[in-house]
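Handing you a structure now.
Chain lettering (A, B, C, D and E) follows the sequence in which the chains are written, and residue indices restart at 1 in each chain.
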Amino acid sequence: MDNIKLIINFLGQLLPAINITLIVSLSSIILGSLLGLLLAAAKMSESVVLRVLARVYVSVIRATPSIIMIFVVYYGMPMLFNNWFHTNIDGWNRMYFVIIALTVLFSAPASELFRSAHESISKGQMEAGLMVGMTPFQTFYRIILPQAFVVALPNFANSVVNLLKEGALTFTIGVVDMVAKAQMIVANNSGGYAWQTYCALALIYWVISLAVDKGVSLVEKSYQAKRKTIAV
Amino acid sequence: GLGSNKSASSNKAASSDKPKVIKVAYATTNFPITYQNDKKQGDGYDVAIMREIDKQLPQYKFDYVGTSDDDVLIGVKSGKYQVGVKNIFYTADRAKTYLFPKNYFGVSDSGFVVRTKDKDKFGGLAKLAKNKGKLVPIAPQNGQYAVIADYNKKNDPKIDLGSADTFVVSDALKWVNEGRYDAFFAIRPMFEALVEKKNGANADLKDKLTYVTLGGIKTYPLFNKDQKEFAAAYDKAIKKIINSGKASELSEKYFGQDNFKLLDQPFK
Amino acid sequence: MLTIEGLKKGYEGNEILKGISIDVNKGDVISIIGPSGSGKTTLLRTITTLEAADGGHITFAGVDKDFEKLNGKDINTIRRNVGFVFQNYNLFNNKTALQNITEGLIVARKVKKSEAEKIALDALERVGLSDRKNHYPSQLSGGQQQRVGIARAIALNPEVIFFDEPTSALDPELVGEVLKVMQDLANSGTTMVVVTHQMSFARDVSNRVIFMADGHIVEQGDPKKIFENPSEERTKKFLTDILANV
Amino acid sequence: MSLNTDFMVKVAQTAIQGVPVTLQIVLVALLISLPIGVLFALIRIYRIKGLELIVKFYVSLVRGTPIIAQILIVYSAFPSLLNMMIGKAAFSINPIYYAYIVFTLNSIATLTEVFRSALQTVDKGQMEAGLMVGMQPRQAFWRIILPQALISALPNIANATLYLIKNSSLAFIMSVKDITAIAKTEAAFNYNFLEAYLVVWVYYLIICYGAEIIFNLLERYFSKYRRSAKRTTGFNWNPFSIKQPKLVVKTDLAESERTNNAHN
Amino acid sequence: MLTIEGLKKGYEGNEILKGISIDVNKGDVISIIGPSGSGKTTLLRTITTLEAADGGHITFAGVDKDFEKLNGKDINTIRRNVGFVFQNYNLFNNKTALQNITEGLIVARKVKKSEAEKIALDALERVGLSDRKNHYPSQLSGGQQQRVGIARAIALNPEVIFFDEPTSALDPELVGEVLKVMQDLANSGTTMVVVTHQMSFARDVSNRVIFMADGHIVEQGDPKKIFENPSEERTKKFLTDILANV
């Protein structure tokens, strides 16, 4: 009983921080996806230079732990701006650095999952589009993308949920999202009630992840008639 | 150097009327030493002392930045922050990387949480070492880790020192009670808040666990290597604050006792 | 109008097209016949730039270049002026039968949506599929898919339409209907290049027959001549076999 | 500010002992979760009554909750429970086993979704053809469906693996000493965290690159039946190309026939 | 040997098969003809349990049950005793032409590998594809894929083989060869049910012709009778159209 009261109490303390979590996550998901799309395109392009650049980028970023990424962005970027553009961005809201770091981190796996989804679509679809006079981009956008989207969705959801949980990164430079808030609550209670705090945190995330799953199922269901998968 | 901030670290502008801005980084998860209070402001003993120092130094204006332990250290080293506080103990190695001031600004009451019945067996560094007690792993960023490592360098038998990332304190208390470990390196205010207070999170362990003070450890703010001038100004200011009794007052406020007195006793 | 010279194409050292030259004039209806694996599909695909040629020259729609030297703009020009009916249909899986047809009209030809739908419905009507207009490809039978593919190509009304075995999945009854549609097209002056196994079409509708075997054009000419008086041994054998199996 | 290179060399030397630990966690987690992931994916695809709900619940719960919360349960609460059943022996369990459990549980959730999406890229006709030559569904699945699904699964398994390699450092909360943990411990004495993290980064770069190579080779192996040159017209990015693009699809009819002949 | 009674099947309320009854005796070669979309493919798929029927009864290979009541074991029995040539080939994409054939032999029939390869090579030989044995489906032309599909089914030597338009992608020359292969099979007593648009096959090889339209069997019987003297109007119309298009 006490526990439940405590959890509800902590829920109340954590929920205001959901703003930060959502702002940070949504911006980096959107920006990261766009960057990921460009990377996937570069990987499949005819240009050797683009291909190599994209490969190296993805390899390096995928291998970079988030804490290192945030330090690189938080300390490296102001230095670059100072030296190259002679602008001081030290005073930026720290959230911007978080968003940049997460965007970069998200783009690499996203590019791979987009590439794999794209390659699972029959080449005949592109050819048919070209042969009715659409440009490659139009065909991609109108024919390939909707089909690849459904294939990419479960993996995309994986990445999104992982990103939502990247609280460690935000917190490293003192931006207080829900995970950071939870840690601070525990700390301010001298380390007590950790259970109840994390329980509250897990609950919130679970609800978010359920919502993501629901979205995925809805899209998949609406698409079921259009493909013949091994599903019954 | 990396991200060095010219405007804040140059050494001459001290005389001008515009006070120089000093960025003070504090870790947000070290209650009651450094933390963020309900008003989202920096708080805790270390922060309060820094505010006192700010008052003494009109040529500087302190700007407080709450962040993680890691960032305090890396930020101060790189010069992003001029000074950092997070219950830092002095070691010779650290003094190579950072600028430690001459004068300490606080004392940490450090001790072991042990089972009451095993108080005599494990309640002290030498006792724990001799009886081969198991110590709850300590986060290496934490100053306590260095204390034990230091002890092990100078003494025999040695304490079995394990490391683990920051963990949940109340669980460590349970572990000691259950016998998973024999001692837990902690600070007094934590033990008081969790176990001794009537509605503390672990009040149920009140009779079963005991806190044994090992002694007081001096704590310092950490300066960026380029901040010699500022550190010197600090050294003057902190002397005044301690001598005036203001520091003891703050210690009473945040730790419930005057930790400075602990320095008179030997470290057990 | 469309001229191909010395077209070559191989896969992994295996030469499939060994120098093909074709001349297509406006209004021509050309049938390409030949044994399985002789490179008929590959020929259509290289002409329409779906497949990169290893050598050869193309003159079409203002482009007059060696295949290797085609740039993006040339390729676009070529593609915009051809229609293609795929051997394996290649319908857009995420579009209904109707949308499969309107897609190219709206997106590539900038036809208004309502207009496009009228054209598409008309095309579906012609291949007898008005009642399936809202079915997705996965819900259509083989023959129905093939007919949507045909409707999609003719709705665009391009300079030349390439058909790759457009009646293979159809029953004889429908073959008749589809061939009638193609005959109409021919009569209205649409240029067509048709890979077909349907000898009646080759003989009665087309004005030229090309017989391909082993990557070469063995013989080409007036259908009557080819069917009644072939000059090559290979052609004779092919035709004899056919007659045995009607 | 300058980097303490002597210290970096020292960290590099000690942290290398953490490499096998990291690899162990990753390998154990992967080896267990790959087959279970496939199984769970099948349960979801074929909507097996009862089980489907459980799998859905499991995936959303494990994937949706922070790992730190899971560690709290597995590392902290579980041994206490075990203590009540088997006594003190529960406390002498090597914490790496807890790490195995946590990361395996997580990987299962991720891989379930990876395989669910990958398996659905394979055309139904492939399964039917298998059944019609007399194979059991199980046989057709292993020999026909799965190898084809792997092409689209492998890049995502690679994603999951690299994520796992990096995240295995959370095991330090359970006092498991992987690369990151050792480096951090070294840095504790002199607060040279920046140098320590840089060294760690290099190790992760090497390990992850190795993993990537393996996955690339696997992907190439499983897609060998597709056309060699399968550069598509999708993205030629004319303005960016250094050479004049061969704006020509190198794909072939059959490649497209493959998936498109989905019907009947 | 195989008896189907009152087979029903619909998609989303749309009834495709409206109660089909067929009797297949050992050695029978039955041709199923009918317009596109009339349910021929669906019929073969429901009989072979690839598609769940909505109603009807099957007697085959020891199974004697209503379709709805078939359990896993029955389904296995049925599948092990049939062969199927798909309208769209459905070759295993990740296997070469040869492996496509050996796969079923080795895995399902437990034939030794070397033995299986001999059988497979022999089957490929019969459809004229020995030289493509190591090609993947993606490297084969439409007609070549179709022939591999046929070879795969006949190599298994099952009780009944179902063919769904086995010659649609073949040129007339090859049609002749493949039909010869099927005739041989017929002569050696293999039971076959063949959906076909190839009237010569229906007339000359099969011993019974079934004419389907709109989900019903309109007429069935001796090929001579059906072709020369159909009793139904619908059949007559279908045949007249055909004759116009040979």
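The rule is simple: contacts are C-beta pairs under 8 Å (C-beta built on N, C-alpha and C of every residue); 3 or more make two chains touch, one makes a residue touch a chain.
This structure is a prediction, so every number in the text was calculated from the model and none was measured.
Counting only chains that touch, the fewest steps needed to get from chain B to chain C is 2.
Shared contact partners of chain B and chain D comprise A. The chain with its Cα centroid farthest from the Cα centroid of chain E is B. More C-beta pairs touch across one of D-E and A-C than the other; that pair is D-E. Taking each chain's centre as the mean of its C-alpha atoms, chain C lies 29 Å from chain E. The centroid of the Cα atoms in chain A and the matching centroid in chain C are 46 Å apart.
Rounded to a whole number, the gap between the C-alpha centres of chain A and chain B is 36 angstrom. One finds 50 Å separating the Cα centroids of chain A and chain E.
Residues of chain D found to touch two or more other chains are 72, 123, 125-126, 194, 236, 245-247, 249, 251-253, 255-258, 260-264.
Shown for chain C are the residues that touch two or more other chains, namely 11, 41, 50, 86-88, 90-91, 93, 137-142. Those residues of chain B in touch with two or more other chains are numbered 2-3, 70, 74, 78, 168, 171.
Taken together, the chain C residues at the contact with chain A in this complex read 48, 50, 76, 79-80, 82-84, 86, 88, 90-95, 103-104, 107-109, 136-139, 152-153, 156, 158.
Within the complex formed with chain C, the residues of chain E that make contact are 11, 33-37, 41, 87-88, 139-144, 147, 165, 168-176, 179, 197-200, 238, 241-242, 244-246. By the touch criterion given at the top, residues 122, 124-125, 127-135, 138, 142-143, 146-147, 223, 225-228 of chain A touch chain C in their complex. Chain contact summary for the complex, chain D toward chain A: residues 45-47, 56, 59-61, 63-69, 72, 110, 113-114, 116-127, 145, 151-156, 158-160, 162-163, 165-166, 169, 180, 194, 197-198, 200-201, 204-205, 207-209, 212, 230-237, 240-243, 245-247, 249, 251-253, 255-260, 262-263.
Residue ranges on chain D touching chain E, taken from their complex, read 123, 125-126, 128-136, 139, 143-144, 147-148, 222, 225-227, 252-255, 257-258, 261-264.
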